[in-house]
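You will see two complexes here that share chain A, one where it goes with chain B and one where it goes with chain C.
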Partner chain A sequence: MADSIKRLISLWAIHAKLDLLWLIRDTKNCVLNIIADLTSSLSTILGIFLLSQRFDNIGGMSSDHILFMLGYACLVDGIFLMFFMMNNTGFLSRIIGRGQLDHKLIQPNPLWMQLITEGFIPFSGSSMFICGLGITIYSSMRLGLSFSIFQLIILVLSIVCSIIVILSFSCIFSCIAFYAPVAGEEVSTSAYGLFDQLKGFPLGGFTIYLQALFTTVLPIGMAAWYPASLLLGNELKLPNYLMIVVTLSLAIIAITLFKKGLKYYGEKGSIRYSSRGFRN
Partner chain B sequence: MQTHIKTIKLSATKSFDGGVLYILGNYFLKLIRLIVYLLIWQTLSQQGVNLGVFTMNELFIYSIVAAAFSEQLNVVTPATTAFWEGSIISRYTRPLPVLLQLSVETIGTWLPKLIAFALPILAFASLKLNLTNFIVNNGAVFALSLLLSVSLGFAIDYAFVSLVIKLKTAHYTAYSIRMALITFMSGAVIPFELMPFNFGRVLEILPFGSLASAPLLILTGNANMPRLILLQLSWNLILWPIAIHLFKSSQERMVSYGG
Partner chain C sequence: MEKKVQSATQAADFAIKIDNVTKEFKQWQRGSNIKDIFANLVKPKTKIVKALDNISLSVRKGEFVAYAGANGAGKSTTIKILSGIMHPSKGEVSVLGLDPKVDRIKLMKRIGVVFGQRTELWWDHPIAASFDWKRVTWNIEKKDYDNRLESLVELLDLSGIINTFARELSLGQRMRADLALMLLHNPEVIFLDEPTLGLDVLAKRHMIEYLKKLNREQDATIIVTSHDMDDLEEMAERIILLSNGNIEFDGDFEKLRRITGSICRIKIYTENGQHPNLETATIVKVENGFTEYQFDSNKYSISSVLKELSGIDTILDVEINKAPIEQVIAELYTSWK
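Here is the complex of A and B:
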């Protein structure tokens, strides 16, 4: 256990160094990339922000509540960007569908360790996290919220749960690529896109059935609305323990399907590359 | 003409190269996003807020038509991808003008979505939201406005492509920024009327406002039609010569490699 943690930290350090080198050696492109990530991510929450400013209340959330929720959404997005955007670690169907899982299986680190560490970009990928932190602190001040240590721990755990939900949901769909590598290669992009584009929507005005749909089967509400509402102490139609149940359920389904797919991959391999090195 | 039809066919079938799942995944995503937006409009309407010039039905029509014609209201030609992939070179070996080829290819890429996504949701809107009434009342002017919007979209895309050529290897970065900005500045997602701080008034007169907001407002009957058509026509007349000049002057600096 101690060795694994030590190895994890040293691998994160290696990827952080690589990221810093990119920033130093290719500053123009790196800064452009940071601006692009920030613009794309902020554009996904801009619509709801503008609507909340115009109408002040959407589905039982005031404009300040919505700002807090959007800050939370940015934090989740920022951490996802920082840990899972590089090398497609958050988009497993690309790795599987392109036959690149082989590259990982021959390395002397366990697969899970590679997937957790290879996407780490703390310098070029931190813009959204910083932005989310700023929005969350600003909205908390406007709402007069003062977080105790316990509440801060709950906030961090909620963010971790939100990220596990997104990764698990993406992984479940990614497993299609084990069986249909060409058709399934980009399926995780669509799965992630669901959260990317819809995470900032306040679902409070929806019926309980729609809320249940959007927090379980299509769990976009778990990326921001549900946890932010709980943290703000808003009354919910859904049970308070739902986030833990959904996170655990999705994680278990994702791991089970991935292991099953990996077994199939071990038997059949990948047919994506021709003998001359081109991808089919 | 036969050549262009052939190109359109090839381009339309090429959309399935990535597999049916990829296409369906995108349609599913668009559909869910549309449904969530419709539910947001419904929530706002039930709260009794002032929706400006819109009724809830008109907002539904606005969002559904915006989703159905999203590719026509924000034209993206394969040019940026062609630089990214290095495939732009093959367009220079064919006996047709490059911009014409890119335009015809773009029209081809629209077909699958128009058939598999736009038609069903427009049929739904006709059955449930009386879209046919809106078409009968404003359809002709809407068609003209949509045509001007598509033409303007091509001009903006080619001007953008010229900028991409200058940025050399940062194609995808520039593309991401462009898509993020235009989606909002065109009024395709949030109608200008519903934006706070009078943002909409400013965005309406910019060229991006002529891309999506103008035809959608015309269809829902909430526009000063002659003013918007004139504005669209003016932006076309201003931006097309600029786009052609920029593209011609940028071609010599084109750098591309496979990605």
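Here is the complex of A and C:
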């Protein structure tokens, strides 16, 4: 266990170093990256403020509640971006469909460890996280929330659960690429796109059936609305333990399907190979 | 007791052991007419293809083995099975005493794999950064890493490109960098799948020299696949030829030539560019005043061919060669069809 944690940290550290080297590889590139990131962050923040005004009192949430929820969504997105968006675990179907798992299988580390560490980009991919942190703090101040250590732990755990839900959902669909590499290559993009486009909508106004649908089968509500509502102490029609149940269920389904797919990959191998997106 | 010790010693001498390995694939079959398409939706037709058909072989530590065969013969499948990427349908595989399917992580610390058309280098980084990534990922001791890097930079002539971005390297330079990356953890067994594919003559020559040096000086066991038989003959001492998933030949290159008959080639250069017909040999090529003949030395002795040639007054020069190994193999492939 201690060895695994040590390995994880050293792998994250080397990928962080590679990311920093990439960001500062030349002045022009570095400046352009920072400007592009600032522009993107600014538009995200403005978009969120406009949305919070537009959605005032929709689904039983005030504009400040909405702002908090969108801040939470940005935090989840930001962490997801830093850890899983550089053509790695967040886009698992690309790795599988393009035959790039072969590269992972010739490394002397457990596959899960490689998948969660490779492509860690804390420097070039941190803008969304910083935005999310800023919006969450700002909205908390507006709401007069003061988080105790315990509540902060709950917030962190909720974010972890939201990320597991998104990853698991994407992984479940990505497993299609084991059996149909070409057709399934981009399925993770579509699965992630569902969260990206819909996670910011408050679901409080829906019936319990629709809320259940959007927090279990299509769990977009687990990316922001449900955990943010719980953290804000809003009354929910759904049970308080639902997030843990959904997170665990999706994670178990994803791991089971991935293992099954990996076994198939071991039997069949990859019928195609494309280097597109590999390590760049 | 003595027998047990003897068998353990023998096992320790082997880098690779493949026992009765079969690898089967299911291939979808479908015609192009409408009836077939709809019939396929209800009951898909499949065909079982044997990429490897009950093959057994062993490779001793320190051997340099060429693994060859026509397209689809099962070469890459074997390399993937040996490196734990794929699993056999039947049979047992052992690399350095480990089962690649079960002990993948342990095995990867002791073997190295290079697929010629793929790179392990980080594309948007100088190759030094990829080397550093390798050190951490393979958990190589810093002191060992520094010593090894120093000798590899010298061995593979990397000093001029170590700080160059991988995307800016030529194919030959990239292959050298990939080879160094693979060698950084000092693998005992090396699998090279088409390492010379796409390289120009000079880069190919360098690559062959590096591999020979590696095998000679560091006693590394090397299994190399290639379509280029002349390259393989230059590199390896032993050749294993696969055809339709079966081992058709396992031995040295001389033995391989003997099997296909002693085909020899003779080249003559005449004053007026004539290419006379001979009874003892047949013309295979006419080019720039040279005429190349082929003859089977089991049928006609070299002296009888030379005697016939001596009757041609306009000959300026004569050159006798063995048939290129490419031709020997091509004849074998044709005979196996």
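Methods note: the second predicted complex is superposed on the first by the 243 of 280 C-alpha atoms of A that agree within 3 Å, B and C clash if a C-alpha of one lies under 4 Å from a C-alpha of the other, contacts with A are read in each partner's own complex, and residues count from 1 in each chain.
Keep this in mind: contacts are C-beta pairs under 8 Å (C-beta built on N, C-alpha and C of every residue); 3 or more make two chains touch, one makes a residue touch a chain.
Computed from a prediction, not measured in an experiment: that's the story for all the values here.
Participant: Output check: A:I208 vs chain B and chain C. Expected answer is one of first, second, both, neither. What do you get?
Facilitator: neither
Participant: Please indicate which partner A:G269 is in contact with in the superposed arrangement: first for chain B, second for chain C, both, or neither.
Facilitator: So A:G269 only meets chain C here.
Participant: Who wins on chain A residues touched, chain B or chain C?
Facilitator: B
Participant: With both complexes superposed on chain A, which partner does A:I153 reach: first (chain B), second (chain C), both or neither?
Facilitator: neither
Participant: If you stack the two complexes on chain A, which partner ends up touching A:I24: first (chain B), second (chain C), both, or neither?
Facilitator: So A:I24 meets neither chain B nor chain C here.
Participant: Given the touch rule stated above, what does A:I106 touch, chain B (first), chain C (second), both, or neither?
Facilitator: Only chain C; A:I106 stays clear of chain B.
Participant: Check whether A:L194 is in contact with chain B, with chain C, with both or with neither, and answer first, second, both or neither.
Facilitator: Only chain B is touched by A:L194; chain C is not.
Participant: Between chain B (first) and chain C (second), which does A:R7 come into contact with in this model arrangement: first, second, both, or neither?
Facilitator: second
Participant: So, does A:N33 touch the first partner chain B, the second partner chain C, both, or neither?
Facilitator: first
Participant: Residue overlap on chain A between the chain B contact set and the chain C contact set?
Facilitator: None.
Participant: Which stretch or stretches of chain A touch chain C in the complex?
Facilitator: On the chain A side, the touching residues are 7, 10-11, 13-14, 17-18, 21-22, 25, 102-103, 105-110, 266-269, 273, 275, 278-280.
Participant: Considering only the defined contacts, which chain A positions touch chain B in the complex?
Facilitator: That would be residues 29, 32-33, 35-37, 39-40, 42-43, 46-47, 50-51, 53-55, 57-59, 176, 180, 182-187, 189-191, 193-194, 197-198, 201, 205-206, 210, 214, 218, 220 of chain A.
Participant: Where on chain C does chain A make contact in their complex?
Facilitator: Within the complex, chain C contacts chain A at residues 25-26, 77, 80, 83-87, 89, 101, 104-106, 108-109, 113, 115, 117-125, 129, 132-133, 136-139, 167.
Participant: Using the touch definition from the top, list the residues of chain B that touch chain A in their complex.
Facilitator: 18-22, 25-26, 28-29, 32-33, 36, 39-40, 42-44, 46-47, 49, 167, 169-170, 172-174, 176-177, 179-181, 183-184, 189-190, 194-197, 199
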